Amino acid sequence: MKKRHFDKTARIIENLEIRPNIFLMRLACPDICSYAQPGQFCMVKSGLVQGLDPLLRRPLSIHRCHRDTGEMEFLFRVVGRGTKALSMQTSGQEVELLGPLGKGFDLKPTQIPIIVGGGLGVAPLLFLAETLSGKKGVAILGAVTKGELLRLEPFKKTGLEILVATEDGSFGNEGLVTSVLERLLAKLDDRAARDVAVFACGPHPMLRAVFSICNGYGVKCQVALETIMACGSGLCLGCAVRSSGGYMHVCKDGPCFDASRLLWE
Amino acid sequence: MKKRHFDKTARIIENLEIRPNIFLMRLACPDICSYAQPGQFCMVKSGLVQGLDPLLRRPLSIHRCHRDTGEMEFLFRVVGRGTKALSMQTSGQEVELLGPLGKGFDLKPTQIPIIVGGGLGVAPLLFLAETLSGKKGVAILGAVTKGELLRLEPFKKTGLEILVATEDGSFGNEGLVTSVLERLLAKLDDRAARDVAVFACGPHPMLRAVFSICNGYGVKCQVALETIMACGSGLCLGCAVRSSGGYMHVCKDGPCFDASRLLWE
Amino acid sequence: MTKENLSKDNGPKLDVKIGGLRLKNPVMLASGTCGYGEELSDLIDLSALGGIVVKGISLEARTGNKPPRLFETPCGLLNAIGLENVGVQSFLKEKLPWLKKNQVTTVVNILGNSIDEYEQMAALLDGQSGIDAIEVNISCPNVKKGGVLFGTDPKAAFEVTRAVKRACSLPVIVKLSPNVTDICEIAIAAEEAGADGVSLINTLLAMAIDIEKRRPVLGNVFGGLSGPAIKPVALRMVWQVSRAVSIPVVGIGGITTYEDAIEFLMAGASAIQVGTATLVKPAAGLDILHGLVDFMLQNNYQSIGELKIQD
Amino acid sequence: MTKENLSKDNGPKLDVKIGGLRLKNPVMLASGTCGYGEELSDLIDLSALGGIVVKGISLEARTGNKPPRLFETPCGLLNAIGLENVGVQSFLKEKLPWLKKNQVTTVVNILGNSIDEYEQMAALLDGQSGIDAIEVNISCPNVKKGGVLFGTDPKAAFEVTRAVKRACSLPVIVKLSPNVTDICEIAIAAEEAGADGVSLINTLLAMAIDIEKRRPVLGNVFGGLSGPAIKPVALRMVWQVSRAVSIPVVGIGGITTYEDAIEFLMAGASAIQVGTATLVKPAAGLDILHGLVDFMLQNNYQSIGELKIQD
């Protein structure tokens, strides 16, 4: 499909606080929806903002994309003024959306996907899981405690095998998603390892650990990164991350990267 | 009563768009209410504003003050981002209020009040009219056309005689409030002229005309002025207007002034 | 809780020294944004603050610029008050007694159009009980030198500072203009002339145009920009000047939250002044003070000096 | 409606000239905020704009500063990209053909660390079809002079400008740094050296501190402040410079709405550039153009030059 992106005003259908300070926003944006790929994101601004502060739009991953209805979802945590304004919005109100942006996950070589999401890291991964739905694969979801696990139900419906890790052991395996991943990869023989592709999103230390485990087992690994962004579309060169080939730009060369190309200081 | 002012967060009880772009906001603020005098104002900021733009609070006249219930009203027009944010608020939400501020109307020598309000100029005048309620007096209210007349009903309830002027003659007298005022003053004998006190609020050209008419008939005249303000409380010296004694500050020496002390270029 | 944290025994040490000026804590109110103190007394206890810097005072009263004097810009405030003030004699008679009675640590901001005027001001303020220090506003035109601002010329800054120092025994803080290529150069000149500290920044020279009326918004055409918009510029200058001089630096410019204040203290300021934020919220200074104390407790800072980033 | 207003026959005349550079209208996109044009082509028709100024280019490719490179401040953006760019050869090979093919009026922003580098750049760009003008970014350190910026020294500004003018026959616009005591002095130096126009302002030197991590936010410590926050300062400088030189002035700094653009044109700018606003909303430049045309129609302005306030 030809790559395209749009700058649209979209109407909110629903904005739910599904956990304290975590919102699931559903809105109608057929244009963006029809071009979006898993792992891509939008630059988003709340229609409630009347002045020029916050100034920039905020990057949010496309959490879900219902191509039939043209509806999209974002899953976000209230961090500062930008996400706060988004959280105050109700159905019928508008947001400005620039997207779909960036390079999504590379699905071409995917035989057996293993999805690894820590905390809010599930945001871009549900769209991926739903796209891969039907494949034999695994999704490992982690949180500090049971009450903070996000989006378990829709992940279950994708047909992927779901493994859960909670740090306090209140649900699923006790510990980190990386331990679950490690145990899973340890069971693979060399051939299986070649067929497996790991897709991870979450806090930076988690991603580093995921990559190092995958690397140890010779398993391909893609990660979705976050940096501060201004334009989200390659204009400002502000979202640089170090890679083996010099700086790459998260909004253009990513946010989804082959983890082996990044420098993990 | 001792002069005092407060910085309070107040809850909105009701916010109605009574005319296109004109809102009547009722809120609970017993502290400010119990000290407020007709002609005073508050510096107001919408609780919807998350960032620092708009930065300053906006001055709004105290439109009404129900001392028994501690409820106050503001009447405002949506002009820019500050008033826009206020207009978007709904009951239960909060605003920040600094007030009551400034010098209100001087009611001491008032025998026969004549209140003159052009357009949104009625904002500080209803509180005045309700305070003077019971006295023999007149309120002249003006607007471009009938549909833009504001707050006729509550003015009627004050017992003052109500005269209306519309520029297109669609209601009351055809023409400006100043013509009505002129005809009224023309009928007074010298003794009556000494007992009359005019209180006016509205666009600057109207106030200038009101003063010049009053001056001609030897009638005392007070006006409520507007300037851009930053602090509203005498800290910044930004709200200067020229008077016969040098610069005066609208937020501290006014907003209500003896019109004869001002320089009307 | 925060009330208790402010007490001397538990909690971090908040006092700071700027030459002979002792502040009980580093939060002051900036000149021109807190009047002469009394205007705020209904809403906040000024004696709880480190101190206040009163509206700039000249030898004779000044009427100020023709209106409009104010305009709001994105996250900023443009002002051209024109240094309206009551003059030094009225200040001493009508304003100072209230400040003294209410135990407000008082810094008097002075301005003049010649070295001589600054010197006379300093001499008049010297020895007046109730005045804790002088802040010298050098963003003023030197009428003897064709109106070039004292604050843009290191030599003029040196001379004003020396004259003021010689004319009084009060601690002297020199307030720097940001409208210069190299603010460190001016700060060094003030230090060499004997300043006890420098404070920065004053406002950025700026303007706005009314496109309907086709003329500058301000009666004075140009004005000074203050508020959150200028904070990143102010912080950079405080960082630079703190590394260029060894006298204490007072940080000013857009400080609105306690986090802002901490940025300036980390950049190297010994104290800070809150300006425009007080116009928006009279208790801004006290809120900042309480937030600062809580931050220091949570992060185990024992004294203000520890906040500074050492490079 | 606005589409029609842009056509030549009815509506005001929008074209402007900056020396030999002809722009069909006064709205350009600023260097570093519109990439090399192609990145925006999905969303807007660049050929409808007056022109674009591409990301600053140096003789050799540069990798830029270490991250973080961006931080949002109140109504402003702090950036320390570090002039990352593909280098002049790649630009000519990989970027220019697209701009030419799409009939985008193209101004090439150049930068260097010595007069020699600027000169070489100018010579390389000279005579390349598809390049309409050069904008000389002089906010760069002169490595031969201890790293002092070309843009803060009138003599250096003069020399760079003269070298570039001599090395090429393209129209040359000199882009001024606002971090100076007297920007008019630099503008005059550029004019005297033969510049066809000056553009201003570049970003204000600024910084931010991460108080949790206790270190400057930007990898480079200092960065440049842009966006609405700086507009009042930029407008003041454009007003001053327009009155100090007789070559055309291009206004830049925080322009976000058409009203902002009109303020700059009234202050004396012949054209304007939209920077940070494009990062927030890719169509900002076009929206500004349409708003400008409507304003001119409603207020009976026949040409851009008529907007300027004559004092």
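Letters A, B, C and D mark the chains in the order given here, with residues in each chain numbered from 1 onward.
Definition applied: a residue touches a chain if its C-beta (ideal position, glycine included) is under 8 Å from a C-beta of that chain, and two chains touch if they have at least 3 such contacts.
It should be emphasised that the depicted structure is a prediction, and the values quoted were computed from it without experimental measurement.
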Pair sharing more residue contacts (C-beta pairs) when A-C is set against B-C: B-C
Inter-centroid spacing, chain D versus chain A (mean Cα positions, whole Å): 36
Distance between the centres, which are taken as Cα means, of chain C and chain A, whole angstrom: 47
Overlap residues in chain C, where contacts from two or more other chains coincide: 74-76, 227-228
Where chain B touches two or more other chains at once, by residue number: 51-54
Chain contact graph, described as a line, ring, star, complete graph or other shape: complete
Chain C - residues contacting chain A, complex: 74-75, 228
Residues of chain A defined as touching chain C within the complex: 51-53
Of chain A, residues touching chain D in the complex: 4-7, 45, 51-57, 96, 98, 227-231, 233-242, 246-247
Contact footprint of chain B on chain C as seen in their complex: 32-35, 39-40, 42-43, 55, 63-64, 66-72, 74-77, 79, 81, 84, 227-228, 256, 276, 278-283
Chain B contact footprint on chain A (complex, rising order): 48-54, 81, 84-85, 88
